[in-house]
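Here the structure comes first, spelled out in structure tokens, and everything after it is commentary.
When the chains are written out, they are named A, B, C and D in that same order, and each has its own residue count from 1.
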Amino acid sequence: MENILITLPVFLSFVILFVPSKGRYYTTLFISLGIVLITSVPAVNVIFSKGVLPEIFHIATGLGSVTLSIDGLSAFFILVTNFTAITGLLYSKGYLEPYRSLKSPAQLSIHNFSYTWLHLSMLGVLMLRDGIPFLIAWELMAVSSFMLILFEAEKRATLKTAVNYLIQMHIGLVLLVIAFLLCEADTGSMSFDALKFYFSHHSNIGLFLLFFAGFAIKAGFIPFHTWLPEAHPAAPSHVSGVMSGVMIKMGIYGIVRVMTNVQSDLVTIGLIVLAVSAISGILGVMMAIVQHDLKKLLAYHSIENIGIIGIGIGLGAIGLGIHNPLLALLGFSGGLLHVLNHSLFKSLLFFSAGSVYQACHTRNIEQLGGVIHKMPVTAGLFLTGSLAICGLPPLNGFISEILIYLGLFQGLSTGTVYQSIYMLMAIISLALIGGLAIYCFTKAFGVVFLGVPRSETHTATSEVNTGMLFPQFLAGTLMFLIGMFPLLFLQPLARILVFLFQINMDLSWITIIRSISLVGKMGFFLIGLTFLLFLTRYWVLKTRNIRQGPTWGCGYTTGTARQQYTGTSFADAVAGLAEPILKTQKEDRPISEEEIFPAERSFATHPADVFRLGLNRLVDFLMLILKKLARLQTGNIQHYILYAFIFMILIFVLLYLKIL
Amino acid sequence: MNDPGYILIFFFVLSFLAGSMVMLFRNKSLIKSVTLFFVAVHVGFTMFCWYHLDETALGYFTFDRIGVLLLSILSILTITTVFHGFIYVKDDSPKIFAIYHTALIALVTAMSGAYLANGMTIVWIFVEATTLAVAALIYHDRTALALEATWKYVFVCSVGIALAYIGILFLGFTVRDARLLHLSFASVSEIARLADPLYLKIAFVFVLVGYSTKMGLFPMHTVTVDAHTVAPPPISAFISTTLMNVGFLAIFRIYALFSATSILPFMNHVLILSGMLSLLVSSGYMLKAKHNKRMLAYSSMENMGIVAIALGIGGIGYYAAILHIILHSFTKAGLFYQIGQSYKVMGTYQLDESGNYMNLYPAGATVLLLGLLCITAIPPSGMFISEILVLKAMVARGDYLYLVLTAALLCFVMYALLTRVLHIVYSQPRGIKSELHERVNPWQTVSQFILFGMVIFICFVQPASFRELIEGIIGGLPK
Amino acid sequence: MIALLLAIITALFFPGIIIRVKSLVSGRKGPGIFQPWKNIFVLLRKSSVFSTTTSFIFQIAPVIYLASLVCALILLPVPGIPSRFGFGADFVLLAYLLALGKFFFIIGALDTGSSFEGMGANREALYSMLAEPAFFILFGTLALLTGHLSMQSIFEQFHLSGYNSMIGGIIAVYVLIQIAMIENSRMPVDDPKTHLELTMIHEVMILDHSGFDLALIQIGTNLKFALYGILIANILIPVTWALPYRIALFFGIQTAFAASIGLMESFRARKKMMKNPQFIVTLSSIALVGFILSLLMMYQLIR
Amino acid sequence: MNVLLVILFAITLIYLSITERFRTYATLIGMQGLLLFALSFLELETITLGTLLFVAIETLVFKVIVVPFLLLRIIRKTGIERVHEKALPGFYSILFVSGGLLLSIIVSFSMNTTPVNMIYFIVSFFAVYTGLFMIISHKKIFAHLIGFLVIENAVLLLSLAIGSQIPMLINMGILLDIFVSVLILGIFVMRLKQHTHELTMLKDE
């Protein structure tokens, strides 16, 4: 019976293609809810049942059997996925409203269908353990998201982006395939469980790095990230929310999954992961700062957050390596909790950014401004998201970050000199990331929502409908919940990890628990205090006569909206410091001496991605070679015969020289 | 009466009658009915072959697994091709209509013969026959281009065939006895074991190069591509699936024949070399392709390259090769039917002028997208399985160089196909503005959906019987 | 809680001392010690003008700024007397609470849509971002030296580890003082007394704040000074002493701190704006040197 | 006797590869047919009527009469008498052809066979080589045809070299082959006469 339930949505999903456009959305919603229900129930059972024993379903169809297994790790990711997928779907109703008239029904139904399949395939990735089914689910995930990106494929740019995305995903797949095949060539079976056996009698680093590369392309670690900042903006906002919120986390899932099987060299692996993650974090946020495109900015922040998660995981691996359970626990729990947190605030941010796009018809920060006056609720939500993503208390981002900080500071004094230095590097980078994130989001929030509109054509008119706000409120509430009652989420997570990595929890974990709960309390205190102060202020100001006036222009009275501080100028300080990495191109003509009456000037900056440029150069080069090689189809029949002639002569010569 | 020999003769006679009748008739509906009758006969014949698996008829023919398998693929595709052919040539003059169907029947018969032939010379004769039959079909449009393509195709194929024949004659020298040459494969393989390897090698090279015209493999792939450009889409579907299978089968039989001898490594190297070159050339051309059908033609070449490589790698590669041949036949046929419809809808094969297909003909666009997934071996395409198996064989043999090369080239192929097909489906044509050239009934996509459905089905479930069938085919080959 | 009390007491005369010292040095008599607070009380009683471009952000920003500071102060331990909130890595929470305050301070400034305030906000964000690592390296060093993670126990252990912690102590105090200067945007990074908006940081951000809000911000600023003062005191005051001595020493240190700021400001010129980042990063590297030194010492001790 | 004929055949090949007059081509092809008939007649051990008939049809009827006739007809129709420009100069083609002769000798020696077959081997190899080379080295379709015919002759020669009596199947094959060549000529006569220049419309750069 259960088996049928599990397989049911797969077949139901095809209904979406055939229902008329009226009922399409609700059919999709119904099916997705079904999926969520069916998968969440066992997941919840797994997490909260004593001992976190995995649940296993054998789906035996007449033609072959598939094994789905939900252990703690999968259960955790399943819940995260389900939540974000559903919020995304709820949001999409309002968001897709304007497109109804523009898109052909076929396109819309394909869109909904692929959305459902993205959800399904992600769950498949989380539940399948055998190689081939896993890989199929993995690629289905890529394909369905690809179809979702293609939603606005009339734009050539979107098309290019989508192709680029799919190709890179495919390269990732090939890496994974090779890794699995290597395992299979040795152990004879192609599954995650077989890895344990492989790792037990081979050097672990090589294969792990292969897997890591394969998964890192999905997760968007630098330098494998180049698809990410283009794919996210190209996709519709609810899709970018889901992609950035959960889909790239599948890479993280894979890495952790492989890590559970790794037997030796854990310290080295941990250090490698730590280094890559730290670099991704810092570069990611730096690149984010200089972006003009709001969604691109958020996309680069996904890279940054993946970096933070990676730092946590690397720390955990080191902890396992040096048999320090506390370190391992702190690292992994911090990393995984950040997975949850990021899925929440990143989807929230993408949704609210989408609302801004829908209201103002541009994502260009320099065109926006003063949105808060017309869309206060969206502004508030975006602000919440920003605070969370900067890891500021009392929101959820801080909890995961402080866990990682704790682990890193613990690691300082436990281990060798090198480890301590590594740890300090990680601490510094984490601190830098925090600072830069604040820099970036003060920019994003300040320029987009505050001040006055910078262009007449792109001013917001009204707040988006409640249907679009509701899912954001859901996410926001959950974020506050995590921030103030961290233990609710931390303790089950710890249970999962203890079971997953066979960590024996020691007493010091109790003190950690205490600290985290105190953080929650502090959050309460902070909010209470703020409220109190605000009341006093309100009460005091009530008695005063409040006057309204223009902003003080330092004596200059006729300021225009275009004189406001722009995003570029705000980012300029960092852009200047990080010039060698960011390679921001500037277009401006300085006024020359002989120009007595200077003509009108224009100034523009174009943020570039060094890695993308490098990759493009490489690929173009290879393509050029291939195109040059393809010269055979000359149309002259004698040439056609010539090829055969040469080929045979070649073979015979080789034969004669005993080479063949 | 149930003796395969009679049935075989019966089949050939019936097809001959059908062909000649169609030739004489000038009434379209009559021609149609006769053709349909022939299709029915063919399907029935295929059924019959399944019941008499591994029997030989008249000594010259054998219903072995691979032959019958390809025969059944042929008869499935014959149904669809005839159906789409009716639509494609419905406006032509009765004479051309008749010629088209005669040639079609002749082609199908010849291919069936080639599949079932038991003995190199028989295979050779039927292959020659396919050349003649398909020439008439390529020339269907009666334009200067068509003439050129036909001329090139016939000429180069004949040269190739002659080379193949020389290769076959060489076998005669292996045992100084020409009578060998009309012996069945089984008996030849006995003798081949004690033969002089050098002769075998030369024979193999000649045969490979000779039949590479049919299989669309490097070095003599060139004319097949040209033929695709002008042939009616249903015929292109044939040329790059069942006809290529003929070439493949011819090479495969020789390979199987010699695989027991000491020249196996040599054959493997030559096959891999040829396959790699095909992959290289085709990927290069796909990156440059400006003509929808030529792009697909090169894609067929690329797939044949993969098959050749798989065959050369050996081990699980054999399985992969057979699987890939099967899946490629269905996928590519479906794509060509769709391209035919796209020509009707957009009135061009030129890539730049075509576009906006999603709005002009949503059903067709969906088919194109699905076919794109199938042909680029992205799950849910069954080719994903076959290509993984190829890689697996490489890993098993430790050929990491081949592994990297193949994977990289496939990525480029994928890039080329994606950019072009997506351009057709979504973006506006360059220069001209897109308008509906001719309305096409969405029901015409059903056949493609069925074909792709089969391909996708294989990705998720490979029935045990199916697996056993393929294993039975490659059973004779060295492990 | 005690920390909060002490902080408030300190804050009462802290700014006064600075101004007094400066005026004395420049040969003027100068205002009374409590003049700054008198100003604040005047502000509290004044009415406010709000810019039409501002939104509710502008209203809540000062409140949250102050609230976050108060919370941070609550976290602080006082030599010998544990705080109610002491726990592992609480200094991280401290730093992030300050960051929270700063975040709202910045967007509050941006809310006015004035390019000057934007400029100030930008600089504020940049400098605090650059100063962040120094703070963390510093506490990394202390944690390494003491093997503890909560400020409470760090400061207790710090003295026990004895002689070789001198270097750590000196570097720590130096770095803390400099961070305090940066965070409160005083010399050499910013000059509160400048008259040109283009060269301001802190002052230009509060151009549009008036009355009650301005008062809140100024209170916050004074508390912030006290916060760093208490941190320094924590490092310098040995917990073994008796309570009265400790109290005396505490206020001594605060006075000295204030006086030293006054002296610095009167003898030092403000750096060029573009030189500032490099100055701040130097701080982190100094902290790093401290870390490496203590690291070496540690492992010598262990082996 | 046989050997002499075979060598004669080889000489015709060399002549073919250097001559530039179309008529000479036609006559040479005819001569080759004649030689092949003689050879196969001599090779026949047991002359049954069937085989004789076959050989006669293959060689005398087709190769000696029909094919040359068609060739001449083409020349008359198209009115092109001689090769104007080749893909590569005649001088080089001499070099290549003689190189080919050496190559085929080497190949034949490298494969240990009976001395009787040896000469057949060498020449038929050489014939294949020359045929391919003629196609490669000429631009005119007519020359391509000649090359193809030469390859056909090579096939027949090789089939003779097998020695023992030629089975029916081989004969059928060869017959079909020849039939195809005739058919190609037919197409050529019927359709291609209007453009005898090289056909290069179908191509990709």
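We take it that a residue touches a chain if its C-beta (ideal position, glycine included) is under 8 Å from a C-beta of that chain, and two chains touch if they have at least 3 such contacts.
Quantities reported herein were computed from a predicted structural model and do not represent experimental measurements.
Inter-chain contacts peak for the pair A-C. Comparing the centres of all chains, each the average of its CA atoms, the largest separation from chain A belongs to D. The distance from the centre of chain A to the centre of chain C, with each centre set as the mean of the Cα atoms, comes to 36 Å. Computed from the mean C-alpha positions, the centre of chain B lies at a distance of 79 Å from the centre of chain C.
Computed from the mean C-alpha positions, the centre of chain C lies at a distance of 100 Å from the centre of chain D. Averaged Cα coordinates give chain A a centre that lies 44 Å from the centre of chain B. Residues of chain B found to touch two or more other chains are 152, 155, 159, 163, 198, 202, 226, 285, 288. Those residues of chain D in touch with two or more other chains are numbered 110, 132, 135, 141, 144, 199, 201-202, 204-205. In chain A, the residues touching two or more other chains are 630, 633, 637, 641, 644, 652.
A list of each chain pair in contact follows: A-B, A-C, A-D, B-D. Residue ranges on chain A touching chain D, taken from their complex, read 630-631, 633-639, 641-642, 644-645, 652, 656. Partner chain B is touched in their complex by these residues of chain D: 110-114, 117, 124, 128, 132, 135, 141, 144, 148, 151-152, 154-155, 158-159, 161-170, 172-173, 176-177, 180-181, 183-184, 187-188, 191-192, 195, 199, 201-202, 204-205. Residues of chain A touching chain B in their complex: 61, 63-64, 104-107, 110, 132, 135-136, 139-140, 142-143, 147, 150, 153-154, 156, 159-160, 162-163, 166-167, 170-171, 174, 177-178, 181-182, 184-185, 622-623, 626-630, 632-633, 637, 640-641, 643-644, 646-648, 651-652, 655, 660. Against chain A, the residues of chain D that register as touching in their complex are 87, 106-107, 110, 132-133, 135-139, 141, 144, 147, 198-205.
Considering their complex, residues 369-370, 372-373, 376, 379, 383, 387, 390-393, 398, 401-402, 405-406, 409-410, 412-413, 417, 420-421, 424, 427-428, 430-432, 434-436, 438-439, 441-443, 445-447, 450-452, 511-512, 514-515, 518-519, 521-522, 525-526, 529-530, 533-534, 537, 540-541, 544-554, 559, 561, 563-565, 569-570, 572-574, 577 of chain A touch chain C.
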